[in-house]
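See the structures that follow.
In the two assemblies presented below, chain A is common to both, partnered first by chain B and then by chain C.
This part shows the complex of A and B:
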């Protein structure tokens, strides 16, 4: 039997595929209501759960090829009583240096684009910084070897024009090489974050600075940077996290003493010491969470997401 | 703060700096293509 509205009645009930049923499934009390929980579920399954498991596994007992349930702080003891703790500290210092260099090189670009480039052109200019991502990071970082190496482009050019007589060896397979690799890999993120952060600095702010007679350096230090601080911090954290945790750059450009936390974890996994790898990851998570907390207290990171009124 | 377009060379220098940074970031890519 087919009623006038087109839905089929099947044993006294409406066909589940009738328009009204779809409305019930997709309506405000159906999928629309539960769709809001999808991000929560996603973050729980793919972020909170792995982080919790990292901490749990870090206290498991190590077996020959895997680990077994138990409670031991042996992995943490191994970490803090070996050279790994020192390397970890140094990797954080190198990451901080990479952040500072990226800020010094990248943020003025963001200020210039926001201030001097025509509004219609601004996003296109920022898109220029996406160009390096058109090629894999692995290739980009690996290609730094023939550039920074003993007979590389930089050394050849400097020796040809007579600036140096012997090749500079410290720029590859050293902490300096790792910092250069981090800056080359992650500098665009500071430009993007700075560009977004500069949205908080409206053009009239520059005019006010000018009217009050502030010089460029003073206006930059006392007005622009404090206003854009949340965005700058967000960009800085992004570069810091990648510099500390990414094993790629120190693998290709690092040498003796030039490792980072990601590489230490990688080495622990290669040595089939999973609790140690988990312990280092847990320490890394704790460090970064502390950093984010401090940043939030200082700059109020919720401002990054707030629209400018 | 200086005049917006008062010094055209300062404006051009800033553009040159921006393009230099982009070029430096792309240098490994260019080198790979060259090799």
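This part shows the complex of A and C:
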């Protein structure tokens, strides 16, 4: 039976294969309505649940090769009373320095692209910063060694032109080497975040600054940076988290026994001390949450996601 | 029945017969292959020789091998075998250093062996015989649980061309003239053991057992290293094979405590620019071996015979000669030198000279009195961890 609108009546109901039925299934009250819950389910299963388990397991008791249910703060006590807390603190300091240097180098690039590059070309120029990500991070970081090393490019050039007589050793296998590696690895995060943040700074803002006689430095410091602050903060968080948690840079460029938070966790796992590894991970999560809270209080991070008007 | 129907029916019947025959033979072929297949979890770079894949090992043993790549992390192996699904997945596994067989046997993850079923066992190095220095490394509570495959005595690699002499003591690493030109392995196990051997044998610190130190002994060794780290003696602590090679090959450091394959590859990379050699330290070295073990699951699935065939390959001079010539690991059987000399087709005159020199130097290192066996699970593991963290923070 075919009704006048063309949909087939199927045993007293509409044929489920008809266009109208499909529209209902896929429509706002159908799949679309539930589609919004998929990310929630995903985040619950793959993010919230593991995070909760991390905290729970951190208070379990260590056995010879695993752990058993119980409640003990021994892992936390071990962390705070050993040199691990010190190592963790140092890795955060190095990460913070990497963020500051990345901002100093990356944000002006973002401002320059926004101001000086033709609108049609801006996105293409920024996309150039993706190119390093096409190469494995291992290769990128390892490639710094022939540049920064004792017999590396920098030392060879400086010695050849007579600027130095002995190689500069502090730029590799030291905290300086780690910061250089972090900046090289993660600088594009700041350029992207800065570029997006600069959408909030309309071109007329620059004109107003000029009209009011504000010099470039003052306009940058008092107008542009505050307007773009939420985006800059977001870029900084990306760099900070990667710097604190990524094992590659300190392993390849750090000094004797250089570690960061990620490596401290790894070493606890290698020693089959799972509660300790979980405790350090829980502390890392707490640190990041505190950081995000402070950032939100200072910069109102909801602005990052607000539509640009 | 017309001609068309006859042809169609015949075709269908024939096709069904062919399919059935193919299916049966296929299933039986797969079943046969699976019955002759040993599932092993091993390090592909270290635990096979003769070809890029496992084919040479398979043809030597007359078995089929389904190998899964394994990292060098002891914790990963223990996890997989004790609380994970290792016994379901693997018939045999290789270890990652001394002490693992005790841990796995105590958890009943591996099973005791009948060595009479391994013909080449009669050629095993005497050190593994009962009462021998390495006897305990393959036994748990008196029963043999593992077949050794490779071994070594870890030492120090150095650039002879720059140094102009052959260091024969770990103490050279702490000479102020080499400040900033020394590297250590970034692993508390081998590094603390080798340093403990040095401090113990040179009479600087009293240490009862360098393989299994007490907390106060661990503290003393680490404080010694912390002192030198603060003075800037160490350029870095290396982690990973390529990293270790790169440090020596680039001239970044003049000496490094490392695995012998690192020295071999670094020396190949440098060409004439350097002459990187592997020393014999008079105080002693951390000695270790890698073994293959039959899992509880392997025995339950009746894979004993296949395991014994593979173990027989690992104890054959064919394997020993090739692992020695390749990455310089120590063979576990007697008669390797004779085998190499008897096979000039496989080992040219120059290769023979090089390989027999490696073997001689290796035997010299094994003979040092102060050597101590690797122990991946020392009794006071927590003290090792905590003091290593302090050394890192210093």
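We take it that the second predicted complex is superposed on the first by the 278 of 309 C-alpha atoms of A that agree within 3 Å, B and C clash if a C-alpha of one lies under 4 Å from a C-alpha of the other, contacts with A are read in each partner's own complex, and residues count from 1 in each chain.
To be clear about the criterion, a residue touches a chain if its C-beta (ideal position, glycine included) is under 8 Å from a C-beta of that chain, and two chains touch if they have at least 3 such contacts.
Predicted model, so just to flag it, every value in this text is computed and none were measured.
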*Looking at the overlay, what does A:187 touch: chain B (first), chain C (second), both, or neither?*
first
_For A:116 in the superposed arrangement: first (chain B), second (chain C), both or neither?_
first
_First, second, both or neither for A:78, with chain B first and chain C second_ = second
*Scan A:242 for contacts with chain B and chain C and give back first, second, both or neither.*
neither
*After superposition on the shared chain, which partner residues are touched by A:173: those of chain B (first), chain C (second), both, or neither?*
second
*Mind working out whether A:281 is in touch with chain B, chain C, both or neither, as first, second, both or neither?*
neither
*Regarding the shared-chain residue A:18, is it in contact with chain B (first), chain C (second), both, or neither?*
neither
*Identify the partner contact of A:260: answer first if only chain B is touched, second if only chain C is, both if each is, neither if none is.*
neither
*Which holds for A:273: it touches chain B only (first), chain C only (second), both, or neither?*
second
_Output the chain A positions appearing in both contact lists, the one against chain B and the one against chain C._
146
*For chain A, which residues count as touching chain B in their complex?*
105-106, 108-109, 112-113, 116, 125, 128-129, 131-132, 134-135, 139-141, 143-144, 146-147, 153, 184, 187-188, 206, 209-210, 214-216, 219
_chain A residues within the chain C interface of the complex_ = 64-66, 78, 82-84, 86-87, 90, 142, 145-146, 149-151, 169, 172-173, 251-252, 254-259, 264, 267-273
*Complex contact set, residues of chain B against chain A*: 1-2, 4, 11, 14, 17-19, 21-22, 24-29, 31-32, 35
*Please name which positions on chain C make contact with chain A in the complex.*
73-75, 78-79, 82-83, 103, 107, 180, 184, 186, 229, 234-237, 239-240, 242-243, 246, 250-252, 381-382, 384-386, 388-394
